[in-house]
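Input: one structure, supplied below.
As written, the chain order gives the labels A, B, C and D, with residue 1 at the start of each chain.
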Amino acid sequence: MATKSDVLDFIRIYADKMAEHRQELTDYDQAIGDGDHGINMSRGFKAVIEKLPAVYEKNIDEILKTVGMILVSTVGGASGPLYGSAFMKAGAAVKGKGELSNEDIILAFDEAVGGIQFRGKAVEGEKTILDSMIPAIKAIKASIADGKSMAEALVDGEKAAWDGVEYTKTIIATKGRASYLGERSIGHQDPGATSMAYVFQAAKEVAEKVGC
Amino acid sequence: MATKSDVLDFIRIYADKMAEHRQELTDYDQAIGDGDHGINMSRGFKAVIEKLPAVYEKNIDEILKTVGMILVSTVGGASGPLYGSAFMKAGAAVKGKGELSNEDIILAFDEAVGGIQFRGKAVEGEKTILDSMIPAIKAIKASIADGKSMAEALVDGEKAAWDGVEYTKTIIATKGRASYLGERSIGHQDPGATSMAYVFQAAKEVAEKVGC
Amino acid sequence: MLEGIVLAHPEYVARLEGFDVLIRADKKINKVALVSGGGSGHEPAHGGFVGTGMLDAAVAGSVFTSPTPDQVLEAIKAVDTGQGVLLVIKNYTGDIMNFEMAAELAEAEGIEVATVVTNDDVAVEDSLYTTGRRGVAGTVFVHKIAGARAETGASLDEVKAIAQKVIANVRTMGVALKPCTVPAVGKPGFELSEDEMELGIGIHGEPGIERKPLQTADEIVDYLMKRILNDIEFQVGDEVAAMINGAGATPPMELYILNRRVSQILAGKGIRVFKTFVGNYMTSIDMAGASITLLKLDDELKELLLAQADTVGFKMC
Amino acid sequence: MLEGIVLAHPEYVARLEGFDVLIRADKKINKVALVSGGGSGHEPAHGGFVGTGMLDAAVAGSVFTSPTPDQVLEAIKAVDTGQGVLLVIKNYTGDIMNFEMAAELAEAEGIEVATVVTNDDVAVEDSLYTTGRRGVAGTVFVHKIAGARAETGASLDEVKAIAQKVIANVRTMGVALKPCTVPAVGKPGFELSEDEMELGIGIHGEPGIERKPLQTADEIVDYLMKRILNDIEFQVGDEVAAMINGAGATPPMELYILNRRVSQILAGKGIRVFKTFVGNYMTSIDMAGASITLLKLDDELKELLLAQADTVGFKMC
């Protein structure tokens, strides 16, 4: 169960993480991309935080949709449309909800993946955002099915996300800028998969705090 | 007294010196000019040596004139027209002579100075070729007037030339590229004055060899 | 940056108030409009190609970052005259997604939009399973030729078709001798020692496909040309346009030295160089390096290539 | 180098067989002919300015070394049509002496020759007792405007007069952030650490007039502009052409950043920028740096500045 205030908390915590890990994400992107992923994500979430107060009164779905639109119009690059679509689709998935049940949360994640795949046409194993996101959601679903709480499930989810990040080191990129490197992309972790792992870390921290 | 073979010797020895001191002259020119004086002079005298056999049969005046013309058409920069004019005027000064008396040699030097001044419009003390050339010729004249041999006079001449080179370190350049540096030209020796000092060194070596 | 170009060349370009978009100073022209763009740092691309015979608008993102859909949408709206808009997109995941979102939004507003994707960089393997090749300096020929076609009053379909024809016939490969530094990052995108070079680089400071000890200019050209000529078939008597594009910090003298060898190789294969372009067209901030582009020509492309163009960065008198 | 330009642009320039001289591809034009030149390493100067509306011939010396009189003479003979030849000489002892010798030789052969000497570099004190200022990037405006005047069929006196008018009204000053290396020498003309700059540099890799710790782009422009504006009087309402010239390894982006401040300063003084030129016009091999040139305009100069020019390195459509 997540309230609107939990969702807002999640956004704030994630925005802080993007500011904090700006250099780290940029360094990963310099190795196999064009060295701007941290700059892009922190720019986008800085704008989100600035504009968030204007939608405080709105429903969760509107808030998520607004976050998505802000990202689309401030991030640019590949991550802008991808993260933007993810948030917009997540919002659409929970239309009209005042609070989110565990099922709502899982649906929102699934729809977010759908948004990313619609835009990016990637599947797992291509060294992208999806390589931490899809395993994380799978783990969350499994834990919830095992009767764990969302807070516990998110711990498992985050772990799976970081495993996914590790996995990206072992594979060749076939989507995004890193694909231009071919074999040379092996050995490096994917910046987008990394920023996505922080999504699950932020969600876990909120869930631990409110104890849901 | 200098024979045609002495004159040819002088040219060859000087050409060797220009090849040998190419880097040194270029270094001086890098400090206060555009770093090509050694390159220019060695290129010019390499061409002289290549084309010299064609005028072996000619008179001294023709040989000197030809050297001047080769320099003008291969050196470029400031030193090309200056050294070129010097050799051409020196040649004209000894028109028709089969051998050069001491008076002829002095006249040739004087005319060479005239050629350089006609082209370059400089006077002594402007940090140019003239600052080693004019004192050297003065010293030669004085020594000959004192009854010394040309070989002895050229020793004095070379010494005066190097003193002139030293003197160029103490003055501001007002002609040539070094003049753009203003005060910053002080402390550096003039490349053109230096290449001219080697003229007297070469002449001295020939005179010593033939013992005139 | 945009401000810099507008300040310098108000007779060519104007800024679309409130957006990172440059449009022609003479505003809307009654014809199919061409819109392109991408990250900043490629100057004169893309704003420098706005003007007679080339683009109608250029959209600029942050340095090396695709512009966002809202910016592209405004550019489309600013230049559309009801005859449709062609988006010329370089093949990068980010550019494609952002421009496509803009196209969807514009279509929702009733504007006819077509897109083409340039992918001239032979350094990158083209395969169904990857994102394919990058769009690099060859894009300038697409701007030039599709722009000239639009100027003749052709329809959106016709303009798109000629752009596709250029894309099918243009190939590029590049080399870097010194990487570039994105100002916001403050350190180079990759490290190269004095005696190394990076082959198959893109235009965003990304590492290339291979690092080698520095070779002579001729050897470098041999390598690049081999890759290009392996990729597209030429017959004796074929004609090409060649572009020796500077990456930013490469002086004209060095580009001409590269071109010398390019000419030799083409002459050796019986390929005629119809027109050569040497200079900074699609740069990577302050990278030292260059790319070679060949465009295979037919009579139609030749005529359009020579058609008048008057922009800051590309002029055909 | 010459070969490189001819290979790349045979539609613009041809080599005078056996000489380091480029002449117009369309050969002799029945008008006063313009001949310029100097050392190599300044590309696109000077061969890149041969063509319609600018030069008829350019003579190239070794890198940074004035060409020799015999070469200049051949250029003069190749382009003279009996209406006289104007030599545009940059004020360097070497250039002046070599071009003057050529002029004397040409006159001896019955060709009418006039000379002008450009000296736009305000870094250097102009005094009766020195060689005076250097000719640098402002020379390009002399080529452009005198070239346009010649194209109208003006007499040698008239072409010389307009060249003198440009020379009287053009001022330049430059800065280097990284020195250049003459290939034959193999080491830079001066040493600069990462955080130093050299102000008042020439275009031959010579040291400048002052070395300072590196400053911001705006501060550098402030300094250069102050020197220029101190040197030539401007009234509110005056109009200028501005050239932000790259030294070779300076990317367009950085030149536009400099121009931004130039525009601000001129606007602050009520001086109108009639036309701005940004790019590599008069380079110093691979030097990183730039120069700012201002040309004070009147109606006559404006018209000639905008007249058609079609050369490799300078086009006015």
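Observations on the model:
One rule holds in what follows: a contact is a pair of C-beta atoms (placed from the backbone, for glycine too) under 8 Å apart; a residue touches a chain by one contact, two chains touch by 3 or more.
Note that the structure is a prediction, hence the values are computed from the model and not measured.
Centroid distances from chain D, each centroid being the mean of CA atoms, peak for A. Measuring from the averaged C-alpha position of chain C to that of chain D gives a distance of 30 Å. Averaged C-alpha coordinates give centres for chain B and chain C that are 56 Å from one another. Chain centres here are Cα means. That of chain A falls 79 Å from that of chain B. With chains as nodes and touching pairs as edges, the resulting graph is an open line. Chain pairs that touch, as defined above: A-C, B-D, C-D.
Those residues of chain B whose C-beta lies close enough to touch chain D in the complex are 26, 30-36, 39-40, 43, 72-82, 119-120, 174-177, 179-182, 184. Put simply, chain C touches chain D in their complex at residues 1, 3-5, 7-9, 11, 40-41, 43-44, 48, 52, 244, 248-254, 256-257, 259-260, 263, 275-276, 278-280, 283, 285-286, 288, 308-310, 312, 315-317.
Note for the complex: chain C touches chain A at residues 39, 61-71, 92-94, 97-98, 101, 123-125, 129-131, 134, 182, 184-185, 187, 189-190, 202, 204-207, 209.
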